[in-house]
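By written order: A, B, C, D, E and F. Residues from 1 in each chain.
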Amino acid sequence: MTHGNAPAAVPRSTLVVTAHAGDFVWRAGGAIALAASRGQKVTIACLTFGERGESARAWREGRKLAEIKALRREEAEKAAAALGAEIRFFDAGDYPLTETPELTDRLVEVYRATQPDVVLTHPVEDPYNGDHPAANRMALQARILAQAIGYPGEGEIIGAPPVFYFEPHQPEMSGFRPEVLLDITEVWETKREAMECLAAQQHLWDYYTDLAVRRGVQLKRNAGPNLGLAHRTMAEAYMRPYPQIAKELA
Amino acid sequence: MTHGNAPAAVPRSTLVVTAHAGDFVWRAGGAIALAASRGQKVTIACLTFGERGESARAWREGRKLAEIKALRREEAEKAAAALGAEIRFFDAGDYPLTETPELTDRLVEVYRATQPDVVLTHPVEDPYNGDHPAANRMALQARILAQAIGYPGEGEIIGAPPVFYFEPHQPEMSGFRPEVLLDITEVWETKREAMECLAAQQHLWDYYTDLAVRRGVQLKRNAGPNLGLAHRTMAEAYMRPYPQIAKELA
Amino acid sequence: MTHGNAPAAVPRSTLVVTAHAGDFVWRAGGAIALAASRGQKVTIACLTFGERGESARAWREGRKLAEIKALRREEAEKAAAALGAEIRFFDAGDYPLTETPELTDRLVEVYRATQPDVVLTHPVEDPYNGDHPAANRMALQARILAQAIGYPGEGEIIGAPPVFYFEPHQPEMSGFRPEVLLDITEVWETKREAMECLAAQQHLWDYYTDLAVRRGVQLKRNAGPNLGLAHRTMAEAYMRPYPQIAKELA
Amino acid sequence: MTHGNAPAAVPRSTLVVTAHAGDFVWRAGGAIALAASRGQKVTIACLTFGERGESARAWREGRKLAEIKALRREEAEKAAAALGAEIRFFDAGDYPLTETPELTDRLVEVYRATQPDVVLTHPVEDPYNGDHPAANRMALQARILAQAIGYPGEGEIIGAPPVFYFEPHQPEMSGFRPEVLLDITEVWETKREAMECLAAQQHLWDYYTDLAVRRGVQLKRNAGPNLGLAHRTMAEAYMRPYPQIAKELA
Amino acid sequence: MTHGNAPAAVPRSTLVVTAHAGDFVWRAGGAIALAASRGQKVTIACLTFGERGESARAWREGRKLAEIKALRREEAEKAAAALGAEIRFFDAGDYPLTETPELTDRLVEVYRATQPDVVLTHPVEDPYNGDHPAANRMALQARILAQAIGYPGEGEIIGAPPVFYFEPHQPEMSGFRPEVLLDITEVWETKREAMECLAAQQHLWDYYTDLAVRRGVQLKRNAGPNLGLAHRTMAEAYMRPYPQIAKELA
Amino acid sequence: MTHGNAPAAVPRSTLVVTAHAGDFVWRAGGAIALAASRGQKVTIACLTFGERGESARAWREGRKLAEIKALRREEAEKAAAALGAEIRFFDAGDYPLTETPELTDRLVEVYRATQPDVVLTHPVEDPYNGDHPAANRMALQARILAQAIGYPGEGEIIGAPPVFYFEPHQPEMSGFRPEVLLDITEVWETKREAMECLAAQQHLWDYYTDLAVRRGVQLKRNAGPNLGLAHRTMAEAYMRPYPQIAKELA
């Protein structure tokens, strides 16, 4: 195992760790599309298909577990492709998603294999869904373990990539305070397209379009009138649990 | 009064609002020197000379108020010059620094005159010095008033420049959590030189050198091993009360 | 002065204390309409017209202060009428709204005159607008003073009416966490009509319609599937700084 | 499995999830008696007998584990009967009470079988007793799992019943802030009778009587002088982690 | 003005800054009696008589302002004498107690005259009484000003005496968390005697006796079984906003 | 098993629970040396050698796991001896240190065997190292279990010894606020000597010397000018999660 000093020519790498198959689309689709559109590599580590907790319609239609998992997988693959990202399924079982050393270890492998420059995951709290905090804890734990040369496994150790928490469904109830507002206007159409790959959750398409508009309004209010922003700026909100490293205050 | 749309050729402008004559050196000297070294304009609005609360030695030596103010002014002017910044004295009286509509209004004028792209000031809490929170409140209030076309006065309205809180003397007691770590290695000598202009507080020169080393270690720990940072990175810590506007997550 | 024991036949009374002319519409229009629709009395204490801080368009059109105040007053009167409430203007001057004992005393008078069963006002924090926290502090202070038989003035002392904070424009940045979700579906049309009285802020009509939809979705998620709620439930969110008094847990 | 739409004639159902045999009496006896007195169904899910951590006297008297469990069970059954509730023992072992998927699953069953309209449990923190937070986490987790049609098991899925946290022994040390003050005056004698069923903890009878008086004083202070409350109002305090759904602000 | 280095023979000095005439008895009577019983000097700076906000009964009996102030003054003098403390009245006017530079300056004088080793005052928050936080802010501000050799006035500057916040009437609603539990068993009778000097508030005698019992129970629980404490330990709770200086961890 | 009433002649006992081999030196070396220098007994429960997560240099030099563990053990034994403490190794495996009932049970044994008067451990949060919070949770849990006469095992039950959290590497990022500043000036040389036993981490010797200076400056600032403190006071900072029991406010 050698030190993870990547030569400059390697494209930037983003790792997204999510609990369920749809999460990356609603919460981080803009960030993913933005990175991909700049030639960067984006890998989605999808811990479960959301087969039990987030597929109510399919269960009501009488479908079976295997069928539901296949359905969610297919939708997620389409959405990831639309955004320009690679997706890996862990099939760890949802509702509840249980933290285990084995699952964390598999995440360490992904960290070392992808050498992320940026990590996106769920925030710490979610009083409506315990799988999201579980994914958060494993994503953070694996990131730390992957940094340690003494932790066994394939691949090079990683650096200390910045972490961003994407927005939960009920932000105020989950202690979510926007610390970064990301302008996703230029990839908005791509995000919308990816959302429309999730046919079973059609009621969320407009919901998350409205959210992007609202975060865009907030972005403009915080950016001041000087920035020459689009009339209808679309945005996503993030928290950053670790300090930003800066060469300039801006 | 017209809208504050500055043409691109205007250099970036930084406004620093501080309670006492020495604050800008210890807490934000690196950020100031960095901006100045890049040809940007930095204006320091210095509300008081710290004549009563931060000049214990001079009082013990039996000096008079006017003498002490002149002394602190001279030191602060030298330090500002060393950093490459312009300094304006408000002589509002310290210990206590009292919030008034008039003083806030004078700050609005400075905001509109300098059209800052970035604002630096004290954080919200300081259980050891009530002047610092008072300066914070007036700096924030004036920034909001300066944005309103309906607020009377000379000059153009301003945008919504990001605000950074610099580090107080006892960070953990003041609710200070580093949210931005600014690399000031390249201007470290300049900051040290400015500190040495403050002859009366020689015991703080090494204290704040040590702090810069410690923040530098923290910066490296958060940046990971990949960044090719200097062996001895020097840094300053800041909080940001408003969300960061981003074109990319990094 | 005698004790404020109101006979049962007196209709319930709601007091709304707001900083600017439009606030009561966007933030509490549903609660006001709901109370009024049940024959209750609603009084809006409107501290300023929002003439400086919330009338940017009028200033850009070159209007004068008196004109702007008249305009805002007219709009607010129409909106209040649409909702079924009485509005009282304090004309205390905005941007900044300054806390004074005199203004607080005028609020004490209103409390004693209206004998509110419920009080609505702004929450404690708003990093984008200092007038809102100032209104909050005076509303709370006056409520306490109005309870004291020793505080001089006309009218009977009041009881301890529950207080509700309505939702600020940027809830997550203002420490706002929905503690009460009020179903306003049955008066939604009335709220929309009141919003449309505020001609100068047309861009907010849809913004606050979207917010009501989103709060409605949240209401349904917290109410469970059993309640027989309307397909499109509209809601407003509130915080309650004092404990709820209950005869039953529900 | 079908959707949990209960017809109106079914009496309201309350589910109480507690760590130890005595908890439901001291902390929620009033709420339980109140519900039962109105013909509602109350089910207590009692995870352990408190045989190791809360039976010091019995251990000092030299009793054996089985004996202590039988003793605590008997006392708890009597107290539950006095309050008008049904009690189910899980015998999961205390000190420590360990979170497991199996125990959580048994709770899911109870949720689905009892279809609660209200849930009572311990708050999130207790630095003096780790079993209480463990019970809280399982109670919340099971409530969410029981809502999911995809989570396997007998019975209908449940809605989203409101959750109330009852008061811990050292409220200020456990982050407990009274958010609901429940008037239990009319069932006070019943609560006292239930407390007296817990013979081994006689020193707590007066302690919790005093607490009820103190919460009653607080209730009156927050209710104002207008409510015609009893001279000696008795009360219990609760927190509510999820927003209240309201048809009216009061 | 010279430096405040007190010779060892000077007895320790305690300064208590309170808003209203009764506060020092209910909230800190034990600490005062304890210090006095050890030959220490205790000075109570009583900012108002509580004539408007805390004398409801006298107002209802139709008494006049001057009469009420005289009554409260007499009671407070008796209670202070019972505890063994000196009391100074500022007669600054309550409900509201207004922060002014003049009143703060008078407090600076008291700090310098009494050279306190310990300071007791109200905590930062109290949603039921705005005078308490106002007293807190002035007590803290004056303490800082009194330390500065540059702040004008009679007397020697003071050191940095530790500050303790005493318990408010509704601790959980005021962010009060017991950080110090003071054993007042040996002076309990003295505190009770002082409470009984406050004839107009007889309903509080038992209330604060119960509180002392409860805090005593908490003290014993936190002290462990090893300390040989009295069967009925009485205690008062305090917060400490500044770090404790220790020669040993205990 | 009998009650833990220690006769007065038994020397005071301190228990330190740490995650990795070096932690007790950097973070609590002063407190340990101080206790030992007064003839008290200090026991360090060292859960892991830090073999994977805190031995990067050894791994880079190509050493094997067993070798690294032996190396860290030897260093830690030397450092403990220098401080005058006994050290017990649990060899539980780090990175990650996993919470288990078995490990907690072994800690209960140590609590009962050592009958601590004071407990030192890691604070609750550390976003840079998950082993530290895991050690905290087990140390707190075991302390509670060891108090219960019903919890099985050898030895007498313990009382309720106060707990102190020592300072983490990045205090502001870990919610660490100094609540106790311990003067370690008189044992500073001993702490430095112990630090120098940790040859592999030479870069930290000066880092933690600087920290002790900085905490000493803070101690002096909080102690005021009156205490006759050494010119160069050295200090360590601690938090205390449980209330201090006091016989006097000081």
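Keep this in mind: a residue touches a chain if its C-beta (ideal position, glycine included) is under 8 Å from a C-beta of that chain, and two chains touch if they have at least 3 such contacts.
Here's who's who by UniProt: A, B, C, D, E, F = PIG-L deacetylase family protein.
Please read all numbers here as calculations on a predicted model, not as lab measurements.
Shared contacts of chain D and chain F, meaning chains that touch the two of them, come down to A, E. The chains that touch chain A as well as chain F are B, D. Chain centres computed from CA atoms place D at the largest separation from chain B.
Computed from the mean C-alpha positions, the centre of chain B lies at a distance of 53 Å from the centre of chain D.
The distance from the centre of chain C to the centre of chain E, each centre being the mean of the chain's C-alpha atoms, comes to 38 Å. In chain E, the residues touching two or more other chains are 128, 173, 178, 218, 221, 242-243.
The touch graph of the protein chains shown belongs to none of the named shapes.
Pairs of chains that satisfy the touch definition comprise A-B, A-C, A-D, A-F, B-C, B-E, B-F, C-D, C-E, D-E, D-F, E-F.
By the touch rule above, chain D contacts chain C in their complex via residues 3-6, 14, 31, 34-35, 38, 117-118, 120, 147, 158-162, 164, 178-183, 218-219, 221-227, 237-238, 240, 242-250.
The part of chain C that touches chain E in the complex is made up of residues 101, 104, 140-141, 144-145, 148-151, 241-243. By the touch criterion given at the top, residues 128, 170-173, 176-178, 207, 210-211, 213-214, 217-218, 221 of chain E touch chain D in their complex.
Chain B contributes residues 51-53, 55-56, 59-60, 65, 68, 95-96, 98, 127-130, 173 to its touches with chain E in the complex.
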